[in-house]
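Alright, structures below, take your time with them.
Here chain A shows up in two complexes: once beside chain B, once beside chain C.
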Partner chain A sequence: MENLLEFKNVTAGYGRVQILHDLTFEVKKGEVLGVIGPNGCGKSTMFNALIGLITPTQGNIIFKDHDVTKMSANDRARMGIGRTYQVPRPFEGMTVYENVLVAAVHGAGMSEKAAQPKCIEALKLTGLYDKREVVSGTLTLLDRKRLEIARALGTQPVLLLLDEVAAGLTEAEVGDVMQMVADLKAEGFTIIWIEHVIETMVNSTDHLMCMSDGTQLLIGDPLEVMNSKLVEEVYLGVEEDE
Partner chain B sequence: MIQQIVNGILLGGVYALVGVGMSMIFGIVQLTNLAHGEFVILSAYLSTVLCTNLGLHPLLTLIITVPLMFVIGMVLQNLLINRVMARGSEPALLVTFGLSIIIQNTLLLLFSADAQRMVTSFQSLSVDLGPIKLPVLQLLVFGIGLVVVLLLDLFMKKTYLGQSIRATSDDKTAATLMGVNVKHTYGIAMGLAMGTAALAGLCVGMPWTFYPTSGSQYLIIAFGVVVIGGMGSIKGTLVAGLVFGLAQVLGGTNYGMLVSYAVLLIMLIVRPQGLFSK
Partner chain C sequence: MKRHQTGLLNQALLIVVIVVLAVLYLCAALGLIDSNVMRIMLSMCLYCAMGTMWNLMSGHCGLTSLGQQSFVGLAGYTLAVMTTYYSLPYGAAIIVGGILSALLALGLSLVFFRMRGMYFAVATWITAEALKTIFTSWGFVKKGAGMTVKLRPYPTTMEIFILALTLAIVATLVVHFLLKSRTGLGLSAMGNDADAASSVGVNIFKSKLVCFVLAGFFTGIAGVIFYMNKGSIFPTGGFSIEWTVSIVFIVIIGGVGTSVGPIVGSIIYVLLSEFLSKYPGWSNIILGIIAIVVIVVMPDGIVGTLQKKFHFEIMSLRRHAPE
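And now, the complex of A and B:
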């Protein structure tokens, strides 16, 4: 299968503090890559580098065969990279529909008329269609998470970045989110998914990458990665001789 | 008393127009534009020059001044303010302060410190409604203020460009990730703010005299309106303009501004986020 994204020896951080060190991995079209790792290992920084909020000091990011390392964040969004945040950031004064419309018009470069059916499609896929006229600032946490995904879908992404969509949700709500991700996978989206609720990742991802100290520790079959002693040691704090 | 209330409301419409551009820049660009008062006065001078040299009616000068100020605003934001904003909000604040000094001194150089005023054919006309007298000029500038503020509010809610401006105002990072070109949006917001400054310039230049140094007076009024209304709220600006105008008129000739600022202080204590904050 063809590579959609390649991280090639990427080093990046904030100011003088480098968080990512020589990070290398690739994602194929239609794949769901789960990303795990302890707090501070650079998962969200990897997303920030990928969407263009920070510029790597070394290495390259190749997306759809284009080097996007120096490209602006809004241009990358237009190229098809959509991101959700762990703490949802809706445009609170706007309705659910308007939130998605902004994404469709600017992110996908569509006219308002052409964007309409795409917005409705994104709202239906995320279960927010009935709440489309609700002001987003009044939504529950689960619906805010849904809106994050709907808005990212509004940009008509090729690559969808999910940042801890299950965090802070009840068990039942996590089940809803899992189903939504499964639906997105079935629709053919390529997804990179950071999650702390690790059990959810085993059945929902094609590959799992464990990060540690800003670099890739292990990547491969989700179950194998989960059962790896190396991952247990670094991620769960279990010593090899225990 | 009724006449005073009417006068206060009419004055409030103009104050809302003076403040709305500054409120937009506060809310969207997160910048305190210390040159806003000077832009209002610069526009008043532009209209005066067009009236004098081309023989245009003051109202017709808007055809030139509004687009011209819009373009100046976009250029200033894109070429100057956006660049310094990358280094934080303080350099941008200083740039607008510098702009205010440059504009003030250029106007002094070109027009001297003499008072200016645009003369209109309806300067002394009024509509008598029994005990209430409505000066046509005040009614006109109030109407312009009211219509502009309401249109701007509608533009923000109903157009996709307005929605992108609101999205940027809510969360510029999230807006960027939705594909919004934030710098370009800032440019448009500044252009719109300058367009309202052009309208405000006409509305203060017709009924009142102005000088190259009058900008600071309108900057303070704009500040008051923005603080009372809530930063970034267009509707709030309208209500705050009316509150500020009413307070000034009801305070009388001697204590008008004092009462206005007393209202401002009370607002800062009771509701520092303003009446219609986000």
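And now, the complex of A and C:
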């Protein structure tokens, strides 16, 4: 299967602080790649570098066979990279529908009229259709998480980046979100999914990557990665000789 | 209030506004308005135009400028130089003043758009102070002694009022239709969260540029019309922070982010200023206290609070999903 995304020796960070160090991995079309790692290991920074909020100081990011390393965030969104944020960032003064409309109009380059059915589709897929006229600043955390996904879908992405969509939710709500991600996978989206609910990642992803100190520690079959002593040591804090 | 009821209310209000404006134009043209009343309404129109532009930048797009006086002063001096030194008609000065202010905004944007929030606001303020210093020591514009505006042909107050009224209407409509457009959708998103807007495809630099240059253009034209009426300009007045303080007061009182807030705010501000002009030492203190009270009691401003309380929105910018 053809590569959709390649990270080639990417080093990036904020100002003088480098968070990612020589990070290398690739994602194939239609694949769901899970990303795990301890807090502060650079998972969200990897997303920020991937969508263009920060520019790598070294290395290259190749998306759809184009070098997008220096490309602006809005151009990358138009190329088909849709992203959710760990802490939801809805456009709070706008309604749920308007949030998705912005993404469809600016991210997918549609007219407002042409975007309408696509927005409705995204709202139905994420279970927000009945709340389409609600001002997004008044939504619950679960609905904000849903809106993050709906807005990312509004850009008509080829690659969907999910940043801890289950974080902070109740067990029942986590089930809802997991089902939503399963539906997206069934729709054929290529997904990179950062999550701390690791057991669910094993069943829902094609490959799992464990990050540590801004670099790739291990990537491969989810079960093998989960059972790796190296991952246990770094991620779960278990010493290899215990 | 249901969507179709809101639509009907908006249409009714629009008809009322059009009728009021038509009557105003007619009365002004027929000389039925007292010159003092016309002077007051002229001020309202100019502040309305400037407030509408500041509201576009800060209320809708998250771009707070404290340096709007740069555009007022630059355009005012453009009028003075063109009419006094080169005997050019004031119509040309209106256009050139607007364009020079827009060009100033364009030039500043290349540097200032790297800054965010408070840093951007302070940078615009410092620019205005720098311009004030430059004009105070520049011999060509007679340094701190200021310049007289010599208009040929000399317009009547009625003619200047009609220009100001037209500017206020055009500024309000331009901002409304801009925000209703595809670009406006992105501007509103940017005003809520620039990074998130960027990650869904909104071009942040272009969006800010549209706002800032448009605000520069219209604020500049307002400056030209103001100094046409005043007849003279000084660096201390043209580049005074008082311009921005007044504009911010107007938008806060009227309602930040509302379409008609600046209209209501400018009416209140000018009437209050007229009343308080009898108490020169106290006027700014009283205006400040009023602003604080409004912020505490009605944080959405007068229009914003009324709209929330009675569930309607004049010149609504909402996009609705198809039924």
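Going forward, the second predicted complex is superposed on the first by the 242 of 242 C-alpha atoms of A that agree within 3 Å, B and C clash if a C-alpha of one lies under 4 Å from a C-alpha of the other, contacts with A are read in each partner's own complex, and residues count from 1 in each chain.
Basically, a contact is a pair of C-beta atoms (placed from the backbone, for glycine too) under 8 Å apart; a residue touches a chain by one contact, two chains touch by 3 or more.
This one's a predicted model, so the numbers in the text were calculated from it and none came from an experiment.
**Q** Based on the superposed arrangement around chain A, label chain B with chain C as either clash or fit.
**A** clash
**Q** So, does A:Arg132 touch the first partner chain B, the second partner chain C, both, or neither?
**A** A:Arg132: touches chain C, not chain B.
**Q** With the two structures laid over each other on chain A, which partner does A:Pro56 touch: chain B (first), chain C (second), both, or neither?
**A** A:Pro56 sits against neither chain B nor chain C.
**Q** Between chain B (first) and chain C (second), which does A:Pro222 come into contact with in this model arrangement: first, second, both, or neither?
**A** After superposition on chain A, A:Pro222 lies in contact with neither partner.
**Q** So in the superposed three-chain picture, is A:Cys119 touching just chain B, just chain C, both, or none of them (first/second/both/neither)?
**A** Once the two structures are laid over each other on A, A:Cys119 reaches chain C alone.
**Q** For A:Tyr97, using the defined touch cut-off, is the partner it touches chain B, chain C, both, or neither? Pick first, second, both or neither.
**A** Touch partner of A:Tyr97: chain C, not chain B.
**Q** I'd like to know which partner A:Thr155 touches here: chain B for first, chain C for second, both or neither.
**A** A:Thr155: touches chain B and chain C.
**Q** Contacts for A:Gly13 in the overlay, against chain B (first) and chain C (second): which applies, first, second, both or neither?
**A** neither
**Q** Should A:Val105 be classified as contacting the first partner (chain B), the second (chain C), both, or neither?
**A** Both partners, chain B and chain C.
**Q** Comparing chain B against chain C, which has contacts with more of the residues in chain A?
**A** C
**Q** Let me test your reading of the model: by the given contact rule, A:Gly80 touches which partner, first (chain B), second (chain C), both or neither?
**A** Touch partners of A:Gly80: none, neither chain B nor chain C.
**Q** Show me the chain A residues, by the header's touch rule, that chain B contacts in one structure and chain C contacts in the other.
**A** 51, 53, 73-74, 77-78, 82-83, 85, 89-94, 98-99, 101-103, 105-109, 112, 151-152, 154-155
**Q** Would you tell me which residues of chain A are touching chain C in their complex?
**A** Touching chain C: residues 51-53, 72-74, 77-78, 82-83, 85, 89-95, 97-99, 101-103, 105-109, 111-112, 116, 119-120, 123, 132-133, 151-152, 154-155 of chain A.
**Q** Touching residues of chain A toward chain B in the complex: what are they?
**A** Contact set of chain A toward chain B: 51, 53, 73-74, 77-78, 82-83, 85, 89-94, 98-99, 101-103, 105-109, 112, 151-152, 154-155.
**Q** Give every residue of chain B touching chain A within the complex, in rising order.
**A** Interface residues on chain B, with respect to chain A: 160, 163-164, 166-167, 170-171, 173-182, 278.
**Q** Would you mind writing out the residues of chain C in touch with chain A in their complex?
**A** Contacts found on chain C: 182, 185-186, 188-189, 191-193, 195-204, 257, 318-322.
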